[in-house]
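Take a look at the structure below.
Letters A, B, C and D name the chains as they come in the text, with residue numbers starting at 1 for each one.
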Amino acid sequence: MAFIEIIFYVFSSILVLTSLGVILFKNPVYSAISLILSFITSAALWLLLQAEFLAIVLILVYVGAVMVLFLFVVMMLNISDVIRTSRFNKIAPFALFIGLIIVGELITLIWIRSDQFSMTSSPISVLDTSVGNTTLLGTALFTDYLYSFEIAGFILLLAIVVSISLTLRRREGLKRQIVSEQVNIDPTKRMKLVDLKSEKN
Amino acid sequence: MDEFLTILFDFLPPESIRFVVPFMKIIILLVALILGAAFLVFFERKVIAFMHQRIGPNRVGPKGWFQSFADVIKLFIKEVIVPSNADRFLFLTAPLLSLIPALAAWAVIPLNETFIIADIDAGILYLLALTSFSVYGVILAGWASNSKYAFLGAMRSAAQMVAYEIAMGFALVGVLMAGGSLNLGDIVAAQSGGILHWFWIPLFPLFFVYFISGIAETNRHPFDVAEGESEIVAGFHVEYSGAAFAIFFLAEYVNMLLIATLTSIMFLGGWESFFAGSNYLMNTSLEFLMEPSILWLAVKVSFFLFTFFWLRASFPRYRYDQIMKLGWKVLIPITIIWIGVEGVMFLANVGPWKVA
Amino acid sequence: MINIIKPIIPELTLAAGICLMVLVNSFIRTPHRSTSQILAVLTLVIATATAVPLFNHDVEILFNGQFIIDPLAIGLKISAYVAVLLVVLSTTINEKINQSEILLIELFATLGISIICSAANLLTIYLGLETLALSLYGLVAANKNSIESTEAAMKFFILGVIASAIFLYGISLIYGIYGTLNINLLNVMIVNNTLELKIAVGFILCGIAFKFGAIPFHSWVPDTYQGASTPVALFISTAPKIAAFALLYRLLIDAFISISETWVVMIYALGMISLIIGNLIAISQNNFKRLLGYSAIGHIGFIFLGIATGTKDGLESSLFYLLIYVLMTMVAFMVIEVLSSKHREVKLLKDFKDLNSSHPWLSLIMLFSMCSMIGIPPFAGFYAKWSVLSSLVEANMVYTAIIAILMTVVAAFYYLRVIWFIYFEKTNQEIGQPESTILQKAVVSFTGIAILLIGLYPKPILDFCRQIISSNLLLD
Amino acid sequence: MLENYLPILIFLSVALALGLLMLSLGFLFGRGSKTEAKLSPYECGFDPFEDARIPFDVRYYLVAILFIIFDLEIAFLFPWAVSLNKIGIAGIMAMGIFLLVLVIGFIYEWKKGALEWD
């Protein structure tokens, strides 16, 4: 299927370019947008691997939620300051070194040892395509991976507790609307009829 | 539809058919959407005028019917101003980012049993992902404009959309539990039958929550603090003019159409007839009323669109803290409770779901 | 049903305690420390009490190969619970930071430690690791008003996520090669030592080394020890180290034992560097908490050397060393915690000047801790060092043992400096009257004396370690 | 399965093309003079004093973080809802516990005032 290959190469080149954009753009907002784009293209690549549910959840969670937070943070920065104090060049050689190591490893893995990968059965053939991808995942997640799933619940609870305890500051002297008080007002307490004696000449 | 298009483009090489047929369907849908959006603007003004006891637009064309086209032409011959401090590239990208998800969401929406552009398994998930993506148009428009009003509007809108998206997502989970599938066609199929078989009865709270959060997601009245004229001029699109503004405008109306259609499909049985399975109409001359048809969908969608205008004409704008309160403290608890109720109903085997 | 529930009762207790504490924290406007503390203590006591009878439970793998119960898991869990219990008991109230939330997050961390201890699947290990790491980030940053603490949290967080990313990358390589995350299956499947396996193990080892704080993954240790508030530093320096040992054991022994020749070299290198550099840098420190941070690195070096022998004996002595180290460092931090008041924190070495004349009992306990860290008999630290050194010698690593002894001499220098400040430096500056409760003093005294008692009679703890390690059938 | 996603790809490209077309039409037909006042940001007739990109309340971040958490929860609920028939009572109970834990978190948010907006 040549068409799929074309699509794959198009998306992977976009992915590589946008990932480069994340680190090369001086303006952090552009970096964040590159990151969003790279998430979208990786979602497309996952789709090519038949991981339908995960691909869309990648967009839903990372693009739809995580990157919104990133943009919130990045937009608050004073852009001109950030660009001036960019320390990219100091870290670059080290990062390049690590990156090269990882690339080298991947190449060795894929190139030299590619014959070994045939021993793991290809996941696509195993899938029962009559049931949706999501249903299959759900069936596995809530039975076989029950323990991990509940741990995930506690990690989310922990995230709630930690984020609130770290960011929430109660400001003093604020007036809040308390609906129940507004609704339960007793009119006789709010209004008082006063008899005023008319002035006499 | 597919067969017709396949025959129509028979002269093309067979490999290209799978590109051309969806392409033509997309074009047909887009034309319908744009025309729909145009008339929607007109109807909105007419409906609100009616409720205000005014006449509304009545100059362009017969009874003002071509008003929107005049507006469109006006918008396109106006200058697109890019403010000098703005980030030019993002300023022009932002409208695209709000238009593309609004349009692309229609790819998975079936309009009747056969017309659907992309019949994917994870339809609802795709919709939710695109809805969450649409927040970027607003945020980036606000940021790129480099104007305080725009920025404030964008931030307000982002926080608001974020809050209502959760309620929306939970409501969708309820629909999924009832429908047992992520595919919108399957969900309609699960509701087959008359008005009493549709999900709006067992899922009434979710129906309510979904429509309200739909209104909030589209930044429509009474949740339109992102562009509250009296507070922050026009919010995130204060700096936009001409065609760039027109794109935001189109996206907003297409989104309204989308929410109305989705609500009809998920809670009101989509293209199913109100009278399907009715004993009274059986074997009478009105039997055709029992047939599912795209017209039924149109009737339902029109009702919800009318509700959009109705709400706009009836309610004052919410205050911002009230919006957040409604989203987080009313809608989300309702949906969570109802998911629990559905779980219990499922265990007790009452309700629309088929236990395998 | 009950058979599935029974092995996870300690975790369930922790989870229930956490839920209860979250609710209590949300409904009580200004939570009293005591409510949270009582709840936390109760949870930990029940968890320990339910864990102890499981010690002789049959080795079993539950939840579709994600949860293992064996003496190692239970033994480490019990040690961690007891350590956390002591930490919680010695934590003081301080209005500056929200103490009740700290206790809550510490319970979360304990849950994470529990998960790691009985993980039978790389996925569960990762989840436990993240539970622990996330709570630690929160704990370090808990002192919102202190720039030092925020900076430490920032560094810790960024290094931590990089480490867990590297760790995850290693796991994904393993999954890519073998198609499973199940540790027992991996143990069976790994037969020949291939290049990609070495790389994956290297990555995973980076994650482990980060958790321990071994050089070159150490830079968060001194910063967090210094930046975090004392109760938090006390927590971080103790229980998570036990989790790190569980992590190391589950991965390197349970999964990768058949390629031990690969990771033994790496562990040896890490241990050697940590031992030498950690102790050398510690000499020049003037901040006591920072000094403890570097000394921790040195101790980790010792522990790693014990593991690097690759023998069962070495593992036992490493575990023994670890437990003793946890105890010693706990005492040191507890003394600072007890001495500090709301207004001033004792952290610099010169704050200890002439401590003896004002607080002779606390000084004595600090003396116990320091002597034990040096390895002076009859304190527990001596036996810990001695057992590691003897297993080194038995494994024909005599030169390593000599270097380790040399480094102990170096370490003695800075520990003795602390003692010098306490007993022989004179100062006019009064150390304020501490606001500690009787309970806290009792806990400090108890742990301090425990160092001495274990030193005099180390057999129970040694047997405990031996029983834990030898229960594992995979070891030769 | 992939076949079904091809129309979406086409749709995305068409939507992008439509947007670009509209923008370029606007630039093509919309002519006007550009003056300094016209190009300045909208601000009540004054020149803006400072950059519009100002720091704002930490509350927005908190909302964004809570949103991520709930979004993840929804991501877990989706596969659960469609596999209800297959996972049986145990699966439903599993989600019950998961939801209970998160409802406790939600109560915590509520009572701590993280959902207040002032």
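General remarks:
The rule is simple: contacts are C-beta pairs under 8 Å (C-beta built on N, C-alpha and C of every residue); 3 or more make two chains touch, one makes a residue touch a chain.
In this text, all values refer to a predicted model and were calculated from it rather than measured experimentally.
Relative to the whole-protein C-alpha centroid, the nearest chain centroid is that of A. Taking A-C and A-B together, the pair of chains sharing more C-beta contacts is A-C. Computed centre separation for the pair subunit A/subunit C is 32 angstrom, with centres defined by C-alpha atoms. Put simply, the C-alpha centre of subunit B and that of subunit C have 54 angstrom between them.
If you average the CA atoms of subunit A and of subunit B, the two centres end up 24 Å from each other. For the pair subunit C and subunit D, the distance between mean C-alpha positions equals 41 Å.
Counting partner chains per residue, subunit C shows two or more touched chains at residues 15, 22. Contact of a single residue of subunit D with at least two other chains is seen at positions 1, 5, 51, 53-54, 56, 60, 64, 67, 71, 74, 78, 80-82, 86, 95, 101, 104-106, 108, 110, 112, 116, 118.
Shown for subunit A are the residues that touch two or more other chains, namely 52-53, 57, 60, 64-65, 68, 72, 75, 132-134, 143, 146, 152, 154, 157, 159, 161, 169. Applying the touch criterion to all chain pairs gives A-B, A-C, A-D, B-D, C-D.
Here subunit A touches subunit C in the complex through residues 102, 105, 108-109, 112-113, 116-117, 120-121, 143-148, 151-152, 154-155, 157-159, 161-162, 165-166, 169, going by the rule given at the top.
Chain contact summary for the complex, subunit D toward subunit C: residues 100-101, 104-105, 107-108, 110-112. Residues 87, 90, 120-122, 125-126, 128-129, 131-133, 135-136, 139-140, 143, 155, 158, 162, 165, 181-183, 321-322 of subunit B are the ones that touch subunit A when the two sit in their complex.
Within the complex, the subunit D residues that touch subunit B are 1, 3-8, 10-12, 14-16, 18-20, 22-23, 25-27, 29-32, 34, 36, 38-43, 48, 51-54, 56, 60, 63-64, 67, 70-71, 74, 77-78, 80-82, 84-86, 89, 92, 95-96, 99, 103, 106, 110, 115-118.
On subunit C, the positions that touch subunit D within their shared complex are 15, 19, 22-23, 25-27.
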